[in-house]
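Mind looking over this structure? Questions follow.
Chains here go by letter, A, B, C and D, matching the order in which they are written, and residues are numbered from 1 within each.
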């Protein structure tokens, strides 16, 4: 079973290679009557598209999305919503010098071994360009969540060893504004400044750097997540790990929780409130795999981009030594453009579980 | 869609509550003709069962597994393999004092909110007892992987702040022997000693502590994993995050990879070998979501067990203040019993992707 | 992907061979809080079990069902409901003479070819005994449908060339009573008499005969069925064709509809009623794959049972001529016992689509 | 779970409305390295497209297909193959007079009830136009089957009460040629003449007529089909019943088999052949749900098209009486264009089961 489909009830299937005609997505299962705001979808894509600032790749793509089906008079009809994003700047000539070599830490070798086909024009399906289709579908997921009052916000919480302080409890609207005021998309302006400087220096070195994106979800209803395999955080984790370059996921107390004692980690309930709330939130808003109404939070670790501007020793398909030249266009750090991808995947998971939860008990 | 099924082609569905008649699993999709070694399955369960040492819960369960279907003359027949594990020591009276209260950082509240039913006999479906069914099915997955020469090994790599050194490149057989020589299941004897002492002290405090389990997979064929959503590490991540108490997952360079530069993180190919190998393995054996033939490695973070022997303030279903008494039986640290669960889930993911890869190209 | 699972949201997985320890089923996705009436489930199984009359096989099975999980205080909890039916009268010795031969029009050869394993004890997984598990799960589906007022009724509409007249518009309760007053389960007493005589004569000949089962569904809400592949009648058709010995399915005007003109076949709406009704019902209650609120009706054709009491020429696994003796126990006509299986499968399809429809539009 | 996806391993998702921008399909799971013959795909679409003869609708659509992804140098790459078919002749003005009325025996009412949205431009998603996407994907399935030597052939076996004689055992190539020599697509020339005359007369009446399509599959390997729910004929049946206007499906002896005795219906094996063959083929090439190597055959019943050129009484959305005018373009009989749709769906089922069978036993 091929793996280009995500979600059970709110389900997307993406297609398209970085150097083909177009990429796109079919979203099946969106409830009818949801207002589909094309401008909003495009604005989300604009946050992911290349060439938006000096610290992103200079590939030129307007990433203009077209809706081919599934809407009528500006609303979803219940039928599949197909969206298409033409590729404009394939420039596969940039890659013609790499026809026969395997780029280090790319997917060239593994795709060739798996499929017995080498599409030397570039990353093809393994390119992060595929995530534009996710962002388009994720934008519709966000519209659905908005209908239910659920808010999602992500930002860059680390670039290399530069870490942002924990987010204050500001409204999502405000966090979003602050984040978009800098090109690295960190909601803490002082840290953002350091991050931009760091990435710019790395870029001038022809090198790349890793980073982290952190995400919060507010106003999530209690009860989302399905025991036992489709726990909410397990599906969030899979969603995040399916994004290019992600090497780690943690939620709530995360890795640091493994160093804690139960007596300090347990989230004590506050008596007397209308709906149960807890004093602390080491559970990250999820208990037993099911949302508990507290803020959901998680962090995603991205490795540094593999394409660097240095010459590198490598091998060709015959296993012989070869050299790969540091040409082409690339991102010195992937996290500023990944913020909206993280949000999109989170929105897709939430939308799916929101629908799945509609049949948890008799009505 | 309820979430009690895992895997696409090698697929398990588990059932059963901690305080019901029995738990069990149906494994569908196991290829015919695989020798099914019941003793091996039982020996795997023995590594997970309660009461096996002073640092595990004292609940008495033999966890004796019966195969109800799907085998003939000791081999799989291609039909569903159903396995049953009766519950012997339900002792729900231990929980009778907690009928109406929500235990902190358990799933009592979220299950009640989701389903509108409070089964006050205990954790029910959210109990880690469910994982026994996974271990039974995972044992058959291991038998399938063994047929193809694939090896899986996990051990306790951290208890609280006590971390084991990185595993040496010893044979899996040897690592396994060393690991089983101590009750904490760490393959480094010196660290194991410290870990046991730590857990024992925590236990005497009536408290609990978190930890980590690390896993390696050797001799994995090149090509396992499906772009783009069902990347091998994304499915491993989901599998691990679906285990009770897991709060984090990382593979290859993991979270520390987010602090590295591309020029140091790229895994350079070694020229001249028969099948491509890399000098370093920051990719953790997976590139573009597909196994590359190098050792696969990942680490799983477990939070401390929520059941502690202290009295705790909490609330009841009406939201009123209540106290929960520190009674019952519990694990002071979950990782020694979790080692075999991590291996089982890894085996299930690998077995599934092994079968899925059979149709990646024309034969 | 193995095929032992049916349904998307209300989903069953069955297991077990006719000559193994037990058969059973896991039902996942049943909404919480549904009263689970064990006596009703057993009474449904009693209608399918062998040995119930002179015109069914004399194999002795009480088909006593046990619920292993998923209920508490008589209600569903939202977790998987596992049910077990032990095999009591395996008598595999009856089959010991057939170890090496392929019985004509059975699945002996195809299973052997597919799996490379010959379980010579009997039909194994291809035995209609498997359908007991479906009846148990279907009984719970009926309880869910009853909660929503939906009624299902099937009866034997043909044995060989003896056809029952079309059902009158009697209440389901009344039809059910009439049907259960004869051992062939036809709701028309006069026809039932002829059918019983026919089957009895066939039985004395050591032969078997085919037949048909017709089913109606009343009070089905408008809107069930998913375009375009999961049309309600497409899922009903698959459900029926998955029952042993079924060779045909038609709904509404069925095969005779292919001889009609549009001007006579179109179901004209009746003006002025609260909810749209049609004068005729050639559409069989389903338009565009979606229920329209009219009575749903369909008919299922069963071939004659392959096991006959005559000696038959056949071959063994080496392809050599062999003779198969007319021994063992068998049903001279499968339809009297199939009535409840047809109802069970219909109920499972309806329950699934009822849940699937919960997310068709925004609430 | 929305129902726009078909297949497990060889899986298609279709999208698009009859009066939107385009329709299309994503095919996921096609093994890499399959030659993708675009001309062949187009030639298949040409057999389905409107306006091809005097007995089909005069809607003008060239149905020109574009491949957007998933191929390189003329071969499949293992990634999703997306295909797009623009709509050229929407002419929604033809439907502007029907804005508010429900056409009899169409899906207008049921879609409106299910989704709460009335797209009055025409059939939208319920239009048979959607099947063009299936034909495009089915053409690739045929290419895969051809690689394994499997042949599929369908033709019109009945129009109204005019039935073609059973097909002789001619080569598929020859049957195909004969079929394409007449516009009704019946492989018996004498019957074809009668059928064309019948349809032409019906057309002049402004009426429509039903019919049947019969299909054979040759050289199907033994072993395709998955017990117990995904029997090969159950999946074929669902595939056929999902085609617009289909009201019945039978395979092998079909409905007439229900009138037979076991002693005449059993297919006796022929001793001494290399691979088991049977004297008769009442089983239709499938036993226990698994192909047995004999010719697979089945028949599909189509109701008459609901759009007729007569004025008809009906109701509007308020339930009031209304009249619908006999305008627009329509097919007087759907079967000539349905032949290639039946083949396409059969090919999709076979391709899926071919891949699914790759893991039935250890290799």
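Definition applied: contacts are C-beta pairs under 8 Å (C-beta built on N, C-alpha and C of every residue); 3 or more make two chains touch, one makes a residue touch a chain.
No experiment lies behind these values; they were computed from the predicted model shown.
J.: Following contacts chain by chain, what is the lowest number of steps it takes to reach chain C starting at chain A?
T.: The least step count works out to 1.
J.: With centres defined as the mean of C-alpha atoms, identify the chain lying farthest from chain B.
T.: Of all chains, D has its centre farthest from that of chain B.
J.: Compute the distance, rounded to whole Å, between the mean C-alpha positions of chain A and chain B.
T.: About 26 Å, centre to centre.
J.: With chain centres taken as the means of their Cα atoms, state the distance from chain B to chain C in Å.
T.: Whole-Å distance between the two chain centres: 39.
J.: Mind pulling the residue numbers of chain C that touch at least two other chains?
T.: Within chain C, residues 1-2, 4-5, 8-9, 14, 29, 32-33, 78-79, 114-117, 125, 227, 360-361 contact more than one other chain.
J.: Within their complex, state which residues of chain D touch chain A.
T.: 1-2, 4-5, 8-9, 11, 13-17, 20-24, 26, 28-29, 32-33, 66, 68-70, 72, 75, 77-82, 84, 114-117, 119, 121, 124-125
J.: Any idea which chain D residues touch chain C in the complex?
T.: Residue positions touching the partner: 1-6, 8-9, 14, 102, 104-107, 109-111, 113-117, 125-126, 130, 158, 160-161, 202, 207-212, 222-223, 225-231, 233-235, 237-238, 241-242, 247-255, 257-263, 265-276, 278, 282-284, 287-292, 301-308, 310, 312-315, 319-322, 356-357, 360-361.
J.: State the interface residues of chain C toward chain A in the complex, per the touch definition above.
T.: By the definition above, chain C touches chain A via 1, 9, 29, 31-34, 78-79, 147, 227, 355, 358-363.
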